[in-house]
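Below, subunit A partners subunit B and then partners subunit C, in two separate complexes.
This part shows the complex of A and B:
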């Protein structure tokens, strides 16, 4: 086929220009700024690996690193397991299933700060309705957002609440791509529902699961708004994630070089997790 | 069989309650005067009043924030479509050198979270003297990757026969794009539109960094002031913050419900096909 380079260039250039300037350029520059000592007022000075060394000796970095990992571990399993179960349930021909599907995606489309405000109210130590119900069944009260023990868990719970419907939609699409013949054949062979789920549904959904995990990691590692609104990293450093720390470092203390290194650290964690999931899911073959 | 059905509907009801209850309880609380909100035990019925809503509208430039959000979101969405539709057409339908490399480069950016480049982005935008302007948000929104990805796979899926027929009728490249391809893209463009609308409407971190002037803030950043975050200036009250939150739910839900079908397709397409 003949090359249509000139036409293609005309179609591509406007986008490429904006993409290179506002996305690709900054992404590459992020790496370089990491090697700079740069406060917003002064000029940038080359600092070699100083920012990276500082990272390893910075106790707050390690706290935020630990919090970020913990946050991923708290949100990822429920976001995969429950969304899959919800999708399997709502894939059946049931009355009201469309209504329930719709309702479960609504949290995802809400402004995260709005979600934060709503949950702060539910979580209120003294007047919150969650502690009220806990008390009715003889439990609690839990200091949801004000105790170091619970704060990160409480925010993870809100994140799960926000993203479950979104993941469910992905799984629903995957379920609808599985041929009904497979289930028919299994039924004829005398397989129970549970067996069909384990032997047909789960293996067939593997590519989707891999994608859902990747998207969930990309989404949750970036969560900033909710934490910012609900606890702003506190109490103490209990909910200080990497992204939270980055914001404080770069845009409140104006240490841009170090902030950039924290951004790179976030990216590295994300890549490591995505790699782990792709290895794990392939090992099962 | 019957017991199983009952169980299924109980689970479904539970799921519905799980997602609706926080919204419903917040809406009810926002309609109570501050003293009632703090009443214990909590009551579902009270002397409902709009006082919290009135005080939000009186004390904050709330309608201004909403207008800012609307302007930013509409312009960003249009800008994304204007840039990415032709680009996706080139990737999906045209032959040129380096196509695969450029496309891979673009799509690989999907994995890089904004945090990894937000510092350089800030420096760039401040160098361009664009801080505190809507342009800072709209230009950055234009560098969107997911819409290129979705639209490219859509263009790839259009059968060649249509294009060949148009060429025989004497259509040139631009004619094919305008007269043949664009009319076909309605479903994919609708999908991208709703995805862009929601993501720009909900955008927070970058607007908070790029826009410091209170009058220019979008709703997301304005609303964050109602809680104990770093920018909080308000004397904290549940009534006003819940009212501010509930008013923001309305446009999100209306847009979502009216374009729901495309939204679901969008989520699906953005991940699975392609």
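This part shows the complex of A and C:
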């Protein structure tokens, strides 16, 4: 048993080393940099709590926080519900099932910059295909990416499109782990399909749901690439999210101290949300 | 138990999240030219120098070609060329500077100069060694190499806004000359804006909801502010200086500038609202003219469009167009290697004397000799002619923040409030001043 543990540790070691050097180390350093005034080049000067105080009085931080939360609200529910429904559907014995499964994952494997460029074309106000069809049915045009009202929603739609297939694969793996005996027993007991779904499928998928929620939280709260390519945080600050703001502060304005505080704030928000979801799903039960 | 749960959440997030201090997008740098390939049979000792730039479009290929040419022409110096997007380039530069290994030659724009000089990362000492003479460069380019009266850079190229137009569409509409004034711009753009029934924007019965071809296009990002800046200068007002501590903005003049652009979109409907890529719309025949810089020329040269260019129209009293430049700087080296320092100067001198080649990238060489080469190339003349009336943004130490092209940026907010949200021009002017003053006072 002990030797098994050693083997496991050995396998984990390469990743842990990389994690410690490139993730944990810089993150801990970030905590200290948060107390500094530093522009990368010069010597860091101790700034006390100035950067933290600024956070609470910075209207742009609150705008980016609000945008991030709104983005989470727009993406998390569809990414859970639709991916689960897709997985349940593609777990049935259907024709072209494998082809549909493969096609579903394609948006996820496309690099975000490509996704952004494709959707920029689709969303074009004047010559985009979406507005073309909307006009045909007497709707629109919608200013998808150039109106403050629509821009965040439009990017959320792209994010859902991108990640849906990935979440679906996770759920599919979970569904295939549920023993068919359970459904057979339920059928014998006279349970309907809906009852079996509610009483067997959902509870058995709880660990997968927890993982899907955690991954989605992390991916959406840290959304960056698609916004960077599609709107750059605009129009105005309509799509400015926390990481977008962090990037500009730390790597365009070279204010590493305040950028680190924005990073810490993002981390705290993520931890709080992961906590909330684990409590809601009562994973310890 | 509770602590354990929080710790688990913390570790989960840490495993999945980006590191706090390292989430900069870091595109793979474009490095070229291995020393082995470039130097065979030289005098013996090869001095390797690093040259960094921020080109990612067709101009990258032109610069790679120039560096390869330099490496092949001689065997004493080998230039290792790296190019990536400007923002990660400068982050990488500062990080390498901190680590004591900055590049030997770094390209930037004049408005970024003040910030880097104030950080103490640029060296003006090698400049006299390049042996430049004022008269050999356009005064516009020359002016962009100074900060607080001291020269820190060698001018490489200049660029400014101009007006591209589709010659076939001009002929179809019976237009013989491009617009020189604001009124002419509106009139021509109206003639070239057509609905799905073939009606022009200046005709009775024109359907503004079914436009199939617009007269004019322009990017609805920070370039709108660049146009506002040009239109302010056309009214004889330039509120931005390299030592400003507050913006002395004439709100009425700013409002005039904004209103002109707003009218093009919202009153005359000759510009597609929310346009993303004017050059692509132009090449697709969806806009007949567009405002942009000379860097679009290589793309247009590869297309089947019959195009030409003209200077940015004179809307108010004076001619003025937004302009910018690219300049070659020498980062400060703590452990100065005299051989490398000499090699860097030699390379910059070579680039300067071969800048005619650089004209192929669409950028206009800063030197008079290079400019002559550009003059013989199609489409460049209009830009060259507006050189004397082009206006640079100042190299204020906080220019990267004040004139940032990404949100939250005062100029982007002003631009988009004007052209996307159609807000009151005076309100936009007030907000711009407030946002800029707040950054300047930080």
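Observations on the structure shown:
One rule holds for everything that comes next: the second predicted complex is superposed on the first by the 259 of 285 C-alpha atoms of A that agree within 3 Å, B and C clash if a C-alpha of one lies under 4 Å from a C-alpha of the other, contacts with A are read in each partner's own complex, and residues count from 1 in each chain.
Definition applied: a residue touches a chain if its C-beta (ideal position, glycine included) is under 8 Å from a C-beta of that chain, and two chains touch if they have at least 3 such contacts.
Since we're looking at a predicted model, the values are computed, not measured.
Once the complexes are laid over each other on subunit A, subunit B and subunit C cannot both fit and instead clash. When both complexes are overlaid on chain A, the residue A:247 reaches subunit B and subunit C alike. In the superposition on chain A, contact of A:228 is made with both subunit B and subunit C.
Touching more residues of subunit A than its counterpart among subunit B and subunit C is B.
In the superposition on chain A, A:27 contacts both subunit B and subunit C. Once chain A of one complex is fitted onto chain A of the other, the partner contacts of A:149 are absent, as it touches neither subunit B nor subunit C. Of the two partner chains placed by superposition, only subunit C is touched by A:278; subunit B is not.
By the document's definition of touching, of the two partners only subunit B reaches A:208; subunit C does not.
In the superposition on chain A, A:237 contacts subunit C only, with no contact to subunit B. Of the two partner chains placed around the shared chain by superposition, subunit B is the only one that A:86 touches, whereas subunit C remains out of contact.
By the touch criterion stated above, A:12 is placed in contact with subunit B alone, subunit C being left untouched. Taking chain A as the common frame, subunit C overlaps subunit B at a single listed stretch, which among 260-268, 278-286 or 314-322 is 278-286. Contacts of subunit A with subunit B, set against its contacts with subunit C after fitting on chain A, overlap at residues 19, 22-24, 26-27, 29-30, 33, 120, 124, 126-127, 215, 218, 222, 224-225, 228, 232, 243, 246-247, 250-252, 256, 260, 263-264, 266-267, 270-271, 274. Listed in rising order, the residues of subunit A touching subunit B in the complex are 1-5, 7-12, 14-16, 18-19, 21-27, 29-30, 33, 86, 89-90, 92, 94, 96-97, 99-100, 102-107, 109-114, 116-122, 124, 126-127, 129, 132, 161, 165-166, 169-170, 173-174, 177, 208, 211-212, 215, 218, 221-222, 224-225, 228-232, 242-243, 246-247, 250-252, 256, 259-260, 262-264, 266-267, 270-271, 274.
Looking at the complex, you find that subunit B touches subunit A at residues 8-9, 11-12, 15-16, 18-20, 22-23, 25-26, 29, 37-42, 82-84, 86-87, 89-91, 94-97, 99, 102, 105-106, 109-124, 139-140, 142-143, 145, 148, 173-174, 177, 198, 201-202, 204-205, 209, 219-220, 223-224, 226-230, 238, 241-242, 244-245, 248-249, 252-253, 255-257, 260, 263-264, 267-268, 271-272. Touching subunit C in their complex are the following residues of subunit A: 19, 22-24, 26-27, 29-31, 33, 39-42, 60, 63, 120, 124-127, 135, 143, 145-148, 214-215, 218, 222, 224-225, 228, 232-237, 239-240, 243-248, 250-254, 256, 260, 263-264, 266-267, 270-271, 274-275, 278, 284. Contacts from subunit C toward subunit A in the complex involve residues 5-6, 8-10, 12-25, 87-88, 91, 94-95, 97-98, 119-121, 210-211, 214, 220-221, 272-277, 281, 284, 286, 400-401, 404-408, 412-413, 416-417, 420-421.
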